[in-house]
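These notes open a run of structures that come right after.
Each of the next two complexes has subunit A plus one more chain, namely subunit B in the first and subunit C in the second.
Right, the complex of A and B next:
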């Protein structure tokens, strides 16, 4: 077993365990901070999938942006959000959670079955790339290639998503502004 | 050798945890975190397949687009949650059952 494989299993365990803690925790603040660890573990998994640039972007945008935003919204929405949580002091598997748990578990069984049956390691194009030895290797520098592709092959989606991001941020600022006078 | 199947199974587990959170939680912020988990599962799939696309980098570039989309989603969703909290004084989605009239 190589070092990369050991690291993969460690990262996968961290990701799944912290995600389970996020799902089961009664304390919202604790679950948000545990979500940090899930995101860091996911960034580690991206590095192991040889996507360094996506991993760094994940840390910058998710950990630096999204989670801070969630924390701010939580702190601005006051104490009543916590009271909702404290009313239901039951165990992880209570009767009203059972359908949701059942749904998620059965869906997981179905997905694992699909993944194992489809046998993605032997899909035609993956096999072809592997046969020609053209997959990304650990010592390749992909960041400059991503930059070139972003500005040539994916220029239209890039522009579309920049417009969409601007519209979303303007819309968010508009939604949260103080209502003054009319309306 | 880390196979593609390993990545896909991890991402399936993440997706199901996100699904559980969306269905069972009583708090809009936790539901949002569940959505983020599901989006991250999808991004993990994109990145895992992107390893086999060296020339066009399709997987990694679309993972970047998905991350940006997730950020935009979160910003708008949190703005909506704050507004809902201002109006109803709760963010339990099951108690929000009135129109604005």
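Right, the complex of A and C next:
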């Protein structure tokens, strides 16, 4: 096995194991911090897939933003609410877990189907790229490519997303604002 | 296998440098604060008290590791490590001299921004793990402050990136001196590609970057939790904020992280705005000062000197300005720095299109 393969398996193991811990742990704070390890492992997998920009974006947005927001929400909520959440009955199979189990099972079936049906060695577009000798090499400049594509080919979706984010920002600012005269 | 030995050596070397810098930095800070407040500072241990920090470290290492009974042990023990490692990882992408950079990543700047944001997580972990109201208040304040100030800092950096057209820190450094491959213009009209020196630095290539530099510098003070932005520690209100409960080696790690962070943010500022490892001396006619003072050893000397100078300014500010109240802090960030940073970014775009 090459070093890249060893690294892949190590990181995949870290991601899966930490994700399992996140889902099964009784201690909510620890599962949030464990989620950090999952996200970091995922970033490592992206680097192995030569998507370093995506990996760093993952860390900036998920670790620096989303995770910290989750922690904030957690720390600002009262201790009583959290205690109720943490003292669930520990039966593995119960009626109120049925929808979740069903969803998970269905999703699992879909995933297995995807893996079985996709013939990974003979995918059409992979073959095409290989034939035209246009694979991405470790030293290629990927950021330039992303920038150019965002500003030309994907300009409309990019602008639409930025307007959506703008609306969210304005909404958030409006919600936190004090009403005039009721100070 | 030789390859990997070099990697390990570089990592160990960087760690040794960070540790040494912290030793020196703590001593310098104590002497500087003493000078500002008309005191003497450390005088007893060694000549001029120079061995004082060494003695302090010896004391910290020997101390008992105390874990509060109600603390979350795993989080409490992990937190200082994560805080320090997050800062230490950032050093991997910093260029030291022409051709001397631990990891020449093409998204170096973005990587450093990402790594800095991990520190917030470590601080929150420390605050929650200590199970102490002062710790958690300090951690929340710190996280709120770091997240807010990342925005003006990020936009100030983007305005440089728009001028430089690259995220690679080594390329950005290269552009600001005589080794530049493209034409460098002083203030947009005078071609100084051959002169180099201080004239080719980013803050003089485009004058609005001076404002961007000031914005970045203020935001970097906030990101390293130092006065006047030290409400996360606020001795008079919160004992010591998020590191109230730490003793011995753990406290040493938190301290190491603070000084490493000071060095990291200052060095990023130097690389992006103040000419990185380029010499400040320009070529004047037949006197080729810039050519004589460019090289690997000179590069390390210049970048270290400039960074230390910036850190000295950080210390100077810490010991002269009072602490900002939390609403003043947020007002400064959102109503002054962020719009100014946006303006800088806009000017950068126009500058790049029409004047370069």
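Rule of thumb we're sticking to: the second predicted complex is superposed on the first by the 149 of 183 C-alpha atoms of A that agree within 3 Å, B and C clash if a C-alpha of one lies under 4 Å from a C-alpha of the other, contacts with A are read in each partner's own complex, and residues count from 1 in each chain.
One rule holds for everything that comes next: a residue touches a chain if its C-beta (ideal position, glycine included) is under 8 Å from a C-beta of that chain, and two chains touch if they have at least 3 such contacts.
Computed from a predicted model, the values in this text were never measured in an experiment.
Novice: Taking subunit A as the common reference for superposition, should the pair subunit B and subunit C be classed as clashing or as fitting?
Specialist: Subunit B and subunit C fit side by side in the superposed model.
Novice: Is A:33 touching anything from subunit B or subunit C once the two structures are fitted on A? First, second, both or neither.
Specialist: Second partner only.
Novice: Which partner does A:141 contact after superposing on A: first (subunit B), second (subunit C), both, neither?
Specialist: In the superposition, A:141 contacts subunit C only.
Novice: Examine A:19 and indicate which partner it touches, taking first as subunit B and second as subunit C; both and neither are also allowed.
Specialist: first
Novice: Could you let me know whether more residues of subunit A are touched by subunit B or by subunit C?
Specialist: Of subunit B and subunit C, more residues of subunit A lie in contact with B.
Novice: In the superposed arrangement, which partner chain does A:6 touch: subunit B (first), subunit C (second), both, or neither?
Specialist: Touch status of A:6: no partner.
Novice: With both complexes overlaid on chain A, does A:171 touch subunit B (first), subunit C (second), both or neither?
Specialist: first
Novice: What is the contact status of A:53 with respect to subunit B (first) and subunit C (second): first, second, both, or neither?
Specialist: both
Novice: For A:125, is the partner it touches subunit B (first), subunit C (second), both, or none of the two (neither)?
Specialist: Once the two structures are laid over each other on A, A:125 reaches subunit B alone.
Novice: Note down the smallest distance between any C-alpha of subunit B and any C-alpha of subunit C in the overlay, whole angstrom.
Specialist: Superposed model gives a least subunit B-subunit C C-alpha distance of 14 Å.
Novice: Intersection of subunit A residues contacting subunit B with those contacting subunit C?
Specialist: Touching subunit B in the first complex and subunit C in the second, residues 53, 57, 65, 72, 142 of subunit A appear in both lists.
Novice: Please output the residues of subunit A touching subunit C within their complex, sorted ascending.
Specialist: 27, 29-30, 33, 36, 52-53, 56-57, 59-60, 63-65, 67-68, 71-72, 75, 141-143
Novice: What does subunit C use to touch subunit A in their complex?
Specialist: The contact residues of subunit C facing subunit A are 72, 74-75, 78, 105-107, 110-111, 113-115, 117-118, 120-121, 124-125, 128, 136, 140, 143, 147, 150, 167.
Novice: Going by the contact rule at the top, pick out the subunit B residues touching subunit A in the complex.
Specialist: Its residues touching subunit A are 1-10, 12-21, 23-24, 26-27, 29-30, 32-34, 36-37, 40, 43-44, 47-57, 59-61, 63-65, 67-76, 78-83, 85, 89-92.
Novice: Hey, which residues of subunit A end up touching subunit B in the complex?
Specialist: These residues of subunit A touch subunit B: 2, 4-5, 8, 12, 15-16, 19-20, 22-23, 28, 31-32, 35, 38-39, 42, 45-46, 48-51, 53-54, 57-58, 61-62, 65-66, 69-70, 72-74, 76-78, 80-81, 84-85, 88, 97, 99-101, 103-105, 107-108, 111-112, 115-116, 119-121, 125-126, 129-130, 134-136, 140, 142, 145-146, 149-150, 153-154, 157-158, 161, 164-165, 168-169, 171-173, 175-176.
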